[in-house]
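There are two complexes below, and they share subunit A, which is joined by subunit B in the first and by subunit C in the second.
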Partner chain A sequence: MAVKIINKTVTDFSLRVTRCFFVPTKTIHSNVALFQDNLDTSLTSIEVNRSPLPIISSRKLAFPPKFKVPRQVWVSNMDTVEEEKLGLIDLHPEVFADRPRMDIIHENVRWQQLYRHVSYAHTKMRYEVRGGGRKPRPQKGSGRSRHGSIRSPIWVGGGIVHGPRSPTSYFYMLGFNARLNGLRSTLSAKLAQDDLQVVDSLDIPTDDPKYLETLIEERGWGPSVLFVDDNDIMPLNITAASDGFGHFNLMPVYGLNVYSMLKHSTLVLTLAAVERIEERILFHLNRNDAAQAASKYRLDNF
Partner chain B sequence: MAGAGNRVLAGADRALDLLRSLPRLSLGNLKSNPKAFQQSKRGRGRYGGNKHGAGNKGSGQRQNFMRLGYETGNNPFYLRVPKEPYYKGHHLRREYPPISLLQLQTLIDTGRLDTSKPVDLVALCNTKIFLLSPIEKQFGFQLTDEGLDKFKGKVNIEVQHASEQVIAAIERNGGVITTAFYDPPSLLAMRDPIKFFASGIPIPKRQMPPEDAIEYYTDPKNRGYLADPDLIALERFKLAQKYGYELPDLKKDPELAMLLERKDPRQIFFGLSPGWVINMKDKKIFEPDDEKLQEYYKS
Partner chain C sequence: MASVLARSILLRQQTSAHRIGYTTPLKIKSCYISYAAAPKEKSPENYTRYHEVSAENWRFVERLIPPTFVPSYPKNGNYSSDWTPPADTPPNLPYFVKRTKNYMVPVYLKFEEVRNERKITIIRHIEGDIWVLEKAIKSHLESLSKRPVVSQVHEVAMHIKFRGDYVNEVKKWLLNAGF
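Presenting the complex of A and B:
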């Protein structure tokens, strides 16, 4: 453990301290992991046979960027608690270093919260309120105002005009490009803030929840983690290990969305997931029938 | 990651660099653009307490309109100007949306068109740059002469209308051009072949051009698809003489087979005959067995 602290560069360490100023949770998790002595030695001393590093050294990008520089990211392992860097890969700047548009991210989150929201708030109109069929008093001669019903909206206990009516659907469809750019912006922001990690696979040697918890604490991956793999049938060990935690979640690439990425502090992608995400987003950015894809959403569009 | 270092950061890089020193982006600190999701105020009464779309004051609001075209005593416009019936019979006329030679060259240069195969209306529609609407009386594309001097492609192209200069520009580069007619049902199949195949309808038989188009498509000067091939060869030579270029010898061309490829006058897709049903899912083709059908679909 001590060796690891020395290995960390000064900038890396100071950066962590600055960021902890804003996000107190981060400091507890990284520092506790670095200095604590109560780590279970049985979990940290798992032997792994691996071919000489680096295992992954390069990656060919589809649609090579002409003007932007690819982003480089370490690929780490999941089969030991301590982080080993298996190699360095390039990420496509159109996907992982796009302009982080906060407004588009906000649009996406708002849409995800609203499209499935149904409001059941309800008020009664004047004809729905009980009673009120009789004229309360004669039109003339009483010396008081003229009224036809005690349930008129101007009466206390009368009907409500323009009140909420149940059920009200808040469904709407966000434009295709806003959804696409939302993913690009969020992935870019996550990578820029060091909240995006790439691992070779989600295979862990044990189904012990303590192992996963220690691993995440040791690497300073923040309180909540979203693991994303290409396949929706996840490895058994990580499924069992993460099952008891509400804040460690597994998700296939097809379920990846802006809301979940922001809900979790750290996003962990497997190499296969990186490939798949890049492939899908680059396909949509370069397809020749983009105009048709971005056309108005219809329920029978498929 | 891009640290500030000595580099001058701009655009997205600068924004991402700034993000590194900011708190973690989360659901709690997102913000929209100001006024992006402003709620409109609910007015009182029907139509939001407004003027019901009729404007303020005058004959508009009171809805005492004058009769259409009446100019309060002036000689009205519709009587003042003599008739100029430009659009007479517009519902019967055929429309050919233009594609310029410059656009064609751009399509080739950007890899949207494959010139190693014959280019026809299907290939042009598949670029997804041009939309053809047969329902609006559009009968295919015409090739126009814009960018004529810049055109360098050697293509075997089939369009529905082309001028003499355009034909010269294509043939000067060693290409081949044909003008061909397609009836609306064929055009509907050609504008989106995948969608058409999925409908399960047999490929239609291309109809002959209407009476007023027969002259155009049988004229070798227009490289019509119904013209005599020998006369077309003669016209190719004559056009080269007229515009003063040397006609490349097609027989020595390595792509001769592609350049000579053309459709049957009853055919609408290269390699597929009318009457066939295409199953894209199982990659199968069904041909008609019935003799009556074969008789109907034959050229």
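Presenting the complex of A and C:
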């Protein structure tokens, strides 16, 4: 069913308030009815499909940007397979329109892969190799070179001097600002490359995996999708639907990381997740004691 | 109850071993206390005394706590220091130099003393066409110092470095430009 959207964003607060008090009495499948000024409330009450649209028409940004323009994204739904635009929201340019730093993104990916890596490669040193306790021949008299042990490093089959020693950890902590700017760069890159989608919530009507698959296929969301919500306990339906797929993953906001965002082609954020991400990143960008907070990740401090 | 029982069993074993004359394998003595046997937390009055001195004097404590975010600067224009606020509208230039969190101009001096001193002026928080900005500042510095100025433009990190201590000159230039 074709959805006709009138090119008119509702920014007038009073209009928005009055619309909230009109309870639509017919199931709504198009946005046309809700941009009309006179809602038909004389019909017999049928089940309400959705709250009055647009759900979000303007969003107050914390630390309003002075000269940078906020980026706008559609808020989609997850109730139906075909996409319905529920509203248009502003995204803070400091978080979602920062200049993507490739070097910082690379640093973050490298850190994520390396900090948990433990190398189990092991070579024996001269005291670990079996044998070699006795002096092979007397110091003088044989006419041959002098040796103390048959397992010294200059001997074939001897110990390795500076070889790998198991276990070797490659743990290190990337600086606080490097990780913060990594998130900013990746989110900005995702938005710029049209791989960022915002949905109202992750509630889907069925737990059928086919529903989720067709939804993502219909909307052209990439082969792999990362759903991010503020809560770490996700709705049952989407959990069950995405369970069989390795390429559709659910994640709470506190688990958001550069590697996962790059690994999945599409990033789907809920409104709550957008709020939380912006609030946290802007807090760290504007906090007064940033140097003190970041100091524990300095190389000389651990 | 359970812990008391466990302790008693252990004691019995120890005494029996001593009588018979052989050593039983040592049992790790558990000194845990069960939730039921533990004393329950009482109300604060049982632990410490406190009394409220004054509620209206809390403001003397509040004003000592540093604010979480940097407060906005007063717009009236009476500043007792050298500091000038940034322009309300951005200057009509292909580049922009943003102020720091504390509304300071982002020009820094990197000073190293390795045998001979090495001073580098760094300009950060640059947005837009960095090459045009570098050209403009460089020509200005060269006209002031009457000698060539060596510069580095880092396009990825978006900063400019000048060899030498030109911090005050660069700051003045940026303030004149309206940044």
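In this section, the second predicted complex is superposed on the first by the 246 of 302 C-alpha atoms of A that agree within 3 Å, B and C clash if a C-alpha of one lies under 4 Å from a C-alpha of the other, contacts with A are read in each partner's own complex, and residues count from 1 in each chain.
By our rule, contacts are C-beta pairs under 8 Å (C-beta built on N, C-alpha and C of every residue); 3 or more make two chains touch, one makes a residue touch a chain.
Everything numeric here is computed off the predicted structure, so don't read it as measured data.
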So, after the overlay on subunit A, do subunit B and subunit C clash or fit? They clash
For A:178, decide between first (touching subunit B), second (touching subunit C), both and neither.
neither
What is the contact status of A:125 with respect to subunit B (first) and subunit C (second): first, second, both, or neither? neither
- In the overlay, answer first, second, both or neither for which of subunit B and subunit C A:99 touches. both
Is A:265 touching anything from subunit B or subunit C once the two structures are fitted on A? First, second, both or neither. first
I'd like to know which partner A:67 touches here: subunit B for first, subunit C for second, both or neither. second
- Which partner does A:234 reach: the first (subunit B), the second (subunit C), both, or neither? neither
Winner on subunit A touched-residue count between subunit B and subunit C: chain B
Practice prompt. Considering only touches as defined above, state whether A:107 meets subunit B (first), subunit C (second), both or neither.
Written response: first
Partner chain in contact with A:150 - subunit B first, subunit C second, else both or neither = neither
Original post:
Now for A:286: first (subunit B), second (subunit C), both, or neither, which partner does it touch?
Top reply: second
Both subunit B and subunit C touch subunit A at residues 99, 102-103, 288-289
Interface with subunit A, subunit C side, in the complex: residues 66-70, 90, 96, 101, 127, 156-158
Subunit B contacts subunit A in the complex at 1-3, 11-13, 15-17, 19-27, 30-33, 36-37, 42, 112, 127-128
Given the complex, residues on subunit A that touch subunit C span 67, 99, 101-103, 285-290
Touching subunit B in the complex, subunit A uses residues 11, 15, 18-19, 22-23, 26, 68-69, 71, 97-100, 102-103, 105-107, 109-110, 162, 186, 188-195, 222, 259, 262-263, 265, 288-289, 291-292
